[in-house]
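All remarks here apply to the structure that follows.
Chain lettering (A, B, C, D, E and F) follows the sequence in which the chains are written, and residue indices restart at 1 in each chain.
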Amino acid sequence: MTDRLHMTKMTWMDYARCTDRPIILPVGSTEQHGPHLPLGVDSIIAENFAALLAQRIDAVVAPTLSYGYKSKPFSGGGPLFPGTIDLNGSTLQALAADILLEFARDGFTRIFLMNAHFENDPFLIEAMDSVNERLGGKATMLLSNWWDPLPEEMLPVLFDETPFPGWALEHAAITETSLMLYFAPELVRTPAISRCENVCPPAYALYPIPADAVPSSGVLASAWSSSAEKGQKIVEAVLPALEKMAREVFNL
Amino acid sequence: MTDRLHMTKMTWMDYARCTDRPIILPVGSTEQHGPHLPLGVDSIIAENFAALLAQRIDAVVAPTLSYGYKSKPFSGGGPLFPGTIDLNGSTLQALAADILLEFARDGFTRIFLMNAHFENDPFLIEAMDSVNERLGGKATMLLSNWWDPLPEEMLPVLFDETPFPGWALEHAAITETSLMLYFAPELVRTPAISRCENVCPPAYALYPIPADAVPSSGVLASAWSSSAEKGQKIVEAVLPALEKMAREVFNL
Amino acid sequence: MTDRLHMTKMTWMDYARCTDRPIILPVGSTEQHGPHLPLGVDSIIAENFAALLAQRIDAVVAPTLSYGYKSKPFSGGGPLFPGTIDLNGSTLQALAADILLEFARDGFTRIFLMNAHFENDPFLIEAMDSVNERLGGKATMLLSNWWDPLPEEMLPVLFDETPFPGWALEHAAITETSLMLYFAPELVRTPAISRCENVCPPAYALYPIPADAVPSSGVLASAWSSSAEKGQKIVEAVLPALEKMAREVFNL
Amino acid sequence: MTDRLHMTKMTWMDYARCTDRPIILPVGSTEQHGPHLPLGVDSIIAENFAALLAQRIDAVVAPTLSYGYKSKPFSGGGPLFPGTIDLNGSTLQALAADILLEFARDGFTRIFLMNAHFENDPFLIEAMDSVNERLGGKATMLLSNWWDPLPEEMLPVLFDETPFPGWALEHAAITETSLMLYFAPELVRTPAISRCENVCPPAYALYPIPADAVPSSGVLASAWSSSAEKGQKIVEAVLPALEKMAREVFNL
Amino acid sequence: MTDRLHMTKMTWMDYARCTDRPIILPVGSTEQHGPHLPLGVDSIIAENFAALLAQRIDAVVAPTLSYGYKSKPFSGGGPLFPGTIDLNGSTLQALAADILLEFARDGFTRIFLMNAHFENDPFLIEAMDSVNERLGGKATMLLSNWWDPLPEEMLPVLFDETPFPGWALEHAAITETSLMLYFAPELVRTPAISRCENVCPPAYALYPIPADAVPSSGVLASAWSSSAEKGQKIVEAVLPALEKMAREVFNL
Amino acid sequence: MTDRLHMTKMTWMDYARCTDRPIILPVGSTEQHGPHLPLGVDSIIAENFAALLAQRIDAVVAPTLSYGYKSKPFSGGGPLFPGTIDLNGSTLQALAADILLEFARDGFTRIFLMNAHFENDPFLIEAMDSVNERLGGKATMLLSNWWDPLPEEMLPVLFDETPFPGWALEHAAITETSLMLYFAPELVRTPAISRCENVCPPAYALYPIPADAVPSSGVLASAWSSSAEKGQKIVEAVLPALEKMAREVFNL
C-alpha cells in the first residue's frame, strides 16, 4: 500500500499525483543539545511536527534537511562544541532554494518549511525570497518555526518552575526536552538533566567567540521540570495553530 | 586641526596613528519609515550613536553603510514600499567582510559594528564569522544593535501611552521617532504622526508577500507620544551601556 | 545506553569521545526509481551500507545527505520525472565541503563518504579536493560508491537472466531492486516489476533533454529476476571489500 | 518642507512621487589622498557633483557609496597606505547591481552613476551590464566620472605650473585638491601641499606591489598651484557638460 | 579567400553568415601525458576531431578551450605532475557557459562540444544544463567525448597486444598515442614509449592523493604497440559516428 | 627534439625543468575587428608578442586564453557584433587566477601576462591580486598590454596620415592592422580597408548600448595607411621595452 505521507517512500508516480496537496520540508540541524539530548534534536522535532501537521492537512513530507546554519553561542551553544555541524549561510540558502524550486517545478504550489533550528531562519527566508523572484508567484511558500505559533498563555504552564528565558535561549531546555520526552523518550538521558541557572546573554555579538561564553555543558537554560506531558501540551497547542496557519495561507 | 572622530575627514597619516583606538562602523539602511520619517532614519541613528559612543571611548568613526539587507514586512514594511532599497544578504555580507578585513589589515584590533537596521543582523554576523576565521583572533569584533542594551526598565517610560510591540515592530514607531526628534528634528514631519494600532504580525514568513501585509502607511506600530525628550532618555540610557560593553570587551 | 553508531542519537559528549574512530557520511538522493521503487532508494541504500560498514570498522554514521546532484537521463532518468529533486553541482559541493570541514574541525581524521547516487561523484570529489587543500593533510577522506568494490565475478551471478547494462544504467534495475528487497522489502512494489529491454544510451549528452529520451516508466534496465537473495549476495560481497578498503586507507 | 534633492531626507511618499525624475548615485571611495587631503575626498567630490547636477536636471540624489574598489599604485597609491579601504571587485559589482535594480523596481528609468574614484569604473560597468540584461531596456543607466567631460581646453588653465600627468595619476593632485578647496576647504591642510615631481608610472601592473612603488607621501602628482578658483573653474566647466550629457541621454 | 572552417580566421561578417551552420567548441586540457607525449595532447586531439567533423557537416570551429578541469590520478595522473594545469570545476563551468550563451545569442542553434579530456565531462554538462535553462530550448547543445562513439568492435583491433584498461585509464596510452602519431607525429617521442603494466586503480577516491598513487612516469596504461595506423583507424571509425550523431541531433 | 618555447609541445618532464625560467601567458579575445581583420586578432597578436619575447628572455609560452572579457563599444565595438564572445568579468578572473596559481604551484616564480585585449586588464589584475594574496609573495606576476611600453615617439611615425585616436579606440585600426600585416598577412583583407573618420566616443558609459553607438562596420578608427612595415616598427620598438621590463622586474 502506498505511503501517503512520506515522499521518500513514494514512487514517482505516487508523488506525481500529490502536487495539489501541500508539501512540507522539515528543517533541522546537527547541533549539541547538552548532556541529556542527542545531536539530532532539531531534526527529530522538525520531522515530528511535519508528520503530525501533514496528517491534519493531507500534506506530503519531504526528506529533512539534517544539517543547518551555524549555531550561535546564545541560541545553541555555538561552534565551540563538538557535534555541532555548521553550514555556511550561503550553503543552506542554496540547498533550500534548489529544493524549493524543484518542488515548484514538479507542480507543487503550497510549500511549508517546518523549521526547528533557531539560526536557520534568515537564510531560509533568503532562499524563499530568491525562489519567489524566479517563480513570480507560482507557488506559496510559508515558513514557521515550531515555537512561533505557541500561544502565549502556554508559557506559564510550561515554565511553572523556572522562568521563560526567551526562545533563543530555549535550547536543550524545557520545551525541547519535553518535546523529545514526548516524541523520542528513548533518546533522552533523564539523569543528566540538572537544575541550572538560565544563561544571561550579553547585548551584543562577539568574535572571536570567548571559550567560556556558555556553560561547558552546552545547556543555556534549565531543562528541569521537563516532561512528556509538557511535550504533549506543546504539541497539542502548536499543531492546531500550524494547521490553521496552513489552511488560511494555502486556502485549504 | 585634525578631526579626531571621523575617518573620512582624516588624512591617512592621522588615521595611521589611530590603530590602537577602537573603530566604529555604523550600519544603517535606506528604508521606508512611514509618512513622518525620512528614508535615511537607520543610517542617521547609527551615525549618531556611533559618534556619541566614539567620544566616550575615543574611537574612530568609519563611513556609514547606508544601504542594508532586505526589509521584512514585520520589521520594516518589506519590499512593497518605494524607497526601500534591499541588498541581497550575500552583498551585505561581502561588503561588511571586505571592510572589516581592511580595518584589521590597517592594524585595528577593536572593531565595533553599530547597527540600526533590524534585518542586517544575521548577515553582519556571517561577515564577522568569516573575517574572524581569516584573522585567527587578531581583532576583536563586536556588533550591537542600538536597542540591544536598552535597560528593560526604560520600556514603561517610553511606552507610557501605547504598548511596547517588540523590537521587530518598533519601526518608525516611538523609539525611532523619538530618536529622530532628538537627533534630527528638522527631518521629522510631526503632523504626519497619527495614533494607530500596532500591527499584529503572523507567526510565519510568507512568500509572495501579500500586498496588504502591512498598513499602506508603512507604519507598524504607533509613533504617537514620541518626543525629543524620550529620544534623549533613550540615548542617555543606551550610551553608557554601549560604553560599558565596549570597555569590557575591548579592555579599554 | 549510548548509541555507538548514529551521530544523530549521541550527545555531544558521546560524540566528542569518538574522534579517533572513522566517521561515515552517507550520500543519497531523492530521485525517481521507476514504478516499483520509492524516491528514497539511494538514501536508503547509502544508509544501510554505512551502518553495516560502521559496525565492522567501529565507525560513527553521520546524518545522510538525502538530496543529490542532478539526475541524468541515462543514469537516473533525468529531470523529466516528478520526484527527482536536483541540486546544482555547486550546492552539493558546498554542502559536502562544509560538513567535511566540520568533521575535521571536531577532530576526525578518517572520513568515509558512502555514496549511492551515481551523479554525485564528481561534485563530492570537488568538495573533498577543496577541503583537502584547506586541511593540508590533516584528515584522510575516502569516497566509495557502493558498487565500486563489487567483485567482477559477481556480475554473472546477479545478471543471470538479463545482460549487465553498466553501472550508469543500473538504475532501479537488478542491483538496486535486490538491495531494496533485502534492506526494505516493504517499500518495493514487486508486482510493478516487469521484464523490459535495457535502454541503449546514446554516445553523447544532449540539451534540451528530449522528452522521450528514456522510457516513460523511468526504468533504464530490467529489474526482472531481482530478489532479496541477490541483495544479500551483493551486501556480502561489497561489505568485506569496503571494510578492507577502509582498514588499508585509514590504517585501522 | 520636503527636501527635493536628497533621497535620504525624503519620506517614501515623497520619493514615490519622484520616479519620473532622474536619480543620481554618487560613488566614491575611502582612500589615502596624501598628507593634505582627507580619506573621504572621492566621496565628497562625488556627492558635490551629484548635488549640483541634480539641481540642474531636477534629479534625486541617493546615498553615496563611500567605499570603492581597490586602489591601484598608480591611480591612488594602492593598498600600501593605511586608510585605503579596498573592496573586492565582485563586492562593488554586487552592491551597485543590487541598488540599480532596486531603483528600477521602484520605477526610475533614468539612473546616473556619478563616479569620482578612478578604479571603480570597470566594476560599476559590469554591474550596469548585468542589471541591463535583467531589465531588458526598462531603464537607462549612465556612468560618468567627473573628469570625463572636462573640456580639453581646460587642461592648460589648470596645469599652468605643472604638467598634466594624465587622469590616473591625477590623485590628490591639482584637480582633486582644487575641488576640495572649493567644496570643503576646511578639510584641506594647505601647509602640507608641497612641490613635487609627478610620479612616472611603469608600463605594467606588478604583484607583489613593491613597497616603494609610490612616494611615501601617497602623492602621485603635484598639488602645487591648486586653488579654490581652479576648483570653481573645473566645476563650471564640468557641470554644463554633465547636464548636457544627462539631457541628451535621458531625453530631458 | 574566406576560411570556412575556423572562426578565429573569419571576419565578423563572415561569421554572421554562418549562424545556420553548426558550431563546434573543442575542449581539451593542459595535462601531463607521460614521457612520450606533450602537455597539449587533449587540446590537439580535440581540435583535430573538431576540424575533421566540421568538414563533414559544414560546421564552424571555435577557438579551443586549452585548459580543463582537474586531472584525477586514475584518469590523467592527477595534480602530482608539473604541467598539469587544473581549473576548478566552477571555473570551467562558467567559461563554457559564457561561451555557449554567446554562440546562442549570435544566432547559432546547433552547438557541438568536442571533448578530449575525460575529467571535463560533468562540468561541461553542468554548463550546458544552466545555459539550456536560460535559453529555453532555443539552441541544441551536444557534447561528445571523442571516444564515446568508438565502435566496440574496434577495441580488439587497437588492443591487440595489451588489454583495454577502460577509457579512464586510457591516458597517454594506445589510443591517445596513436592519435598523436597520426595527427602530430612530430610531437611524439617514440623512444620514450616503453612496455608497462596497466595501472590497477583502487575502487575509491582518496584525499590527500598519495604521492605514489600513480607511476612516476605519469603513464597509466601501456602505449606499446601504438601507431599512426591505429590512429587513422580510430579516426576513420569515430568520424562517421560523430557525423551521424550530429546529423541526427541537429537535423542536418 | 624538445621545443624550448611552447609549453603545449613539451612533455611534463621538459616543463618540470623550466621552472626557473619565466612563463608567459598570452591573453587575447574573440572579438569583431571590422571587415578586414579576423575575430582572432587579439589572440594572434598576444601569441606573437609572447613568442618573440620568450625568445629574448628564454621564457616558456603557455597556451593562450582565446576568449576575453566583454568588448566595450568604444574599445572594441561592444556586444552588438556577432563573433564577439564576451566572458563575464568573474569568469575571466577565475580562469586567470586558477592558471596563475597552478604555474606557481609548479614552481614558477616569474609569470608574465601578455595581454592584447584592452578590456581584459582590470579583471586580469583582480586575478593577480587574489593569487598574490594566496601566494604571499612566492611569485612575481607582471601584466603588460603590448601597447603599454610603445615609446611615445613612435606615435607620429605610425599615425602619419591619420590622428592617433587613443589606445581604447585603436581597435582594428592602424596598429592592430599593421601588426596583423606583419604577423599574419594572409588573414588581412586589404581591400576591405577604407578611409574613415575616427569615432568620437562620448564621455560616459551607457546602458542599454544604443544600436548605433558605433559604425556598422565595427571600425572605430581608420586603418588606412596600415602596413607590414609599420607592424614591424611596432614590434621592433615594443619588444626591447618588454624585454627590459621583464629583465628588471624578474631580475634576469
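As a working rule, contacts are C-beta pairs under 8 Å (C-beta built on N, C-alpha and C of every residue); 3 or more make two chains touch, one makes a residue touch a chain.
A quick note: this is a predicted structure, and the numbers were derived from the prediction, not measured.
Undergrad: When I count C-beta pairs in contact, which pair ends up with more: E-F or A-B?
TA: Looking at contacts between chains, E-F has the larger number.
Undergrad: Counting only Cα atoms for the centres, state how far subunit C is from subunit D in Å.
TA: For subunit C versus subunit D, the centre distance works out to 56 Å.
Undergrad: State, to the nearest whole Å, the distance from the C-alpha centre of subunit B to the C-alpha centre of subunit D.
TA: The separation of the two C-alpha centroids amounts to 27 Å.
Undergrad: Among the residues of subunit A, which ones contact at least 2 other chains?
TA: Those would be 88, 90.
Undergrad: Line, ring, star, complete or other: which describes how these chains touch one another?
TA: Contact pattern: a closed ring, each chain touching exactly two others.
Undergrad: Taking the contact definition as given, in what order do you meet the chains if you travel the ring from subunit A through subunit B?
TA: A, B, D, F, E, C
Undergrad: Spell out the part of subunit D that touches subunit B in their complex, as residue ranges.
TA: Residues 3, 6-13, 15-16, 19, 30, 32-40, 43-44, 62-64, 66-67, 81-88, 90-91, 94-95, 98-99, 102-103, 106-107, 187, 189, 192, 218 of subunit D touch subunit B in their complex.
Undergrad: Would you pull the subunit D residues touching subunit F in the complex into a rising list?
TA: Those in contact with subunit F are residues 70, 72, 88-90, 93, 119, 121-123, 125-126, 128-129, 131-132, 137, 140-144, 148-149, 202-208, 241, 245, 249.
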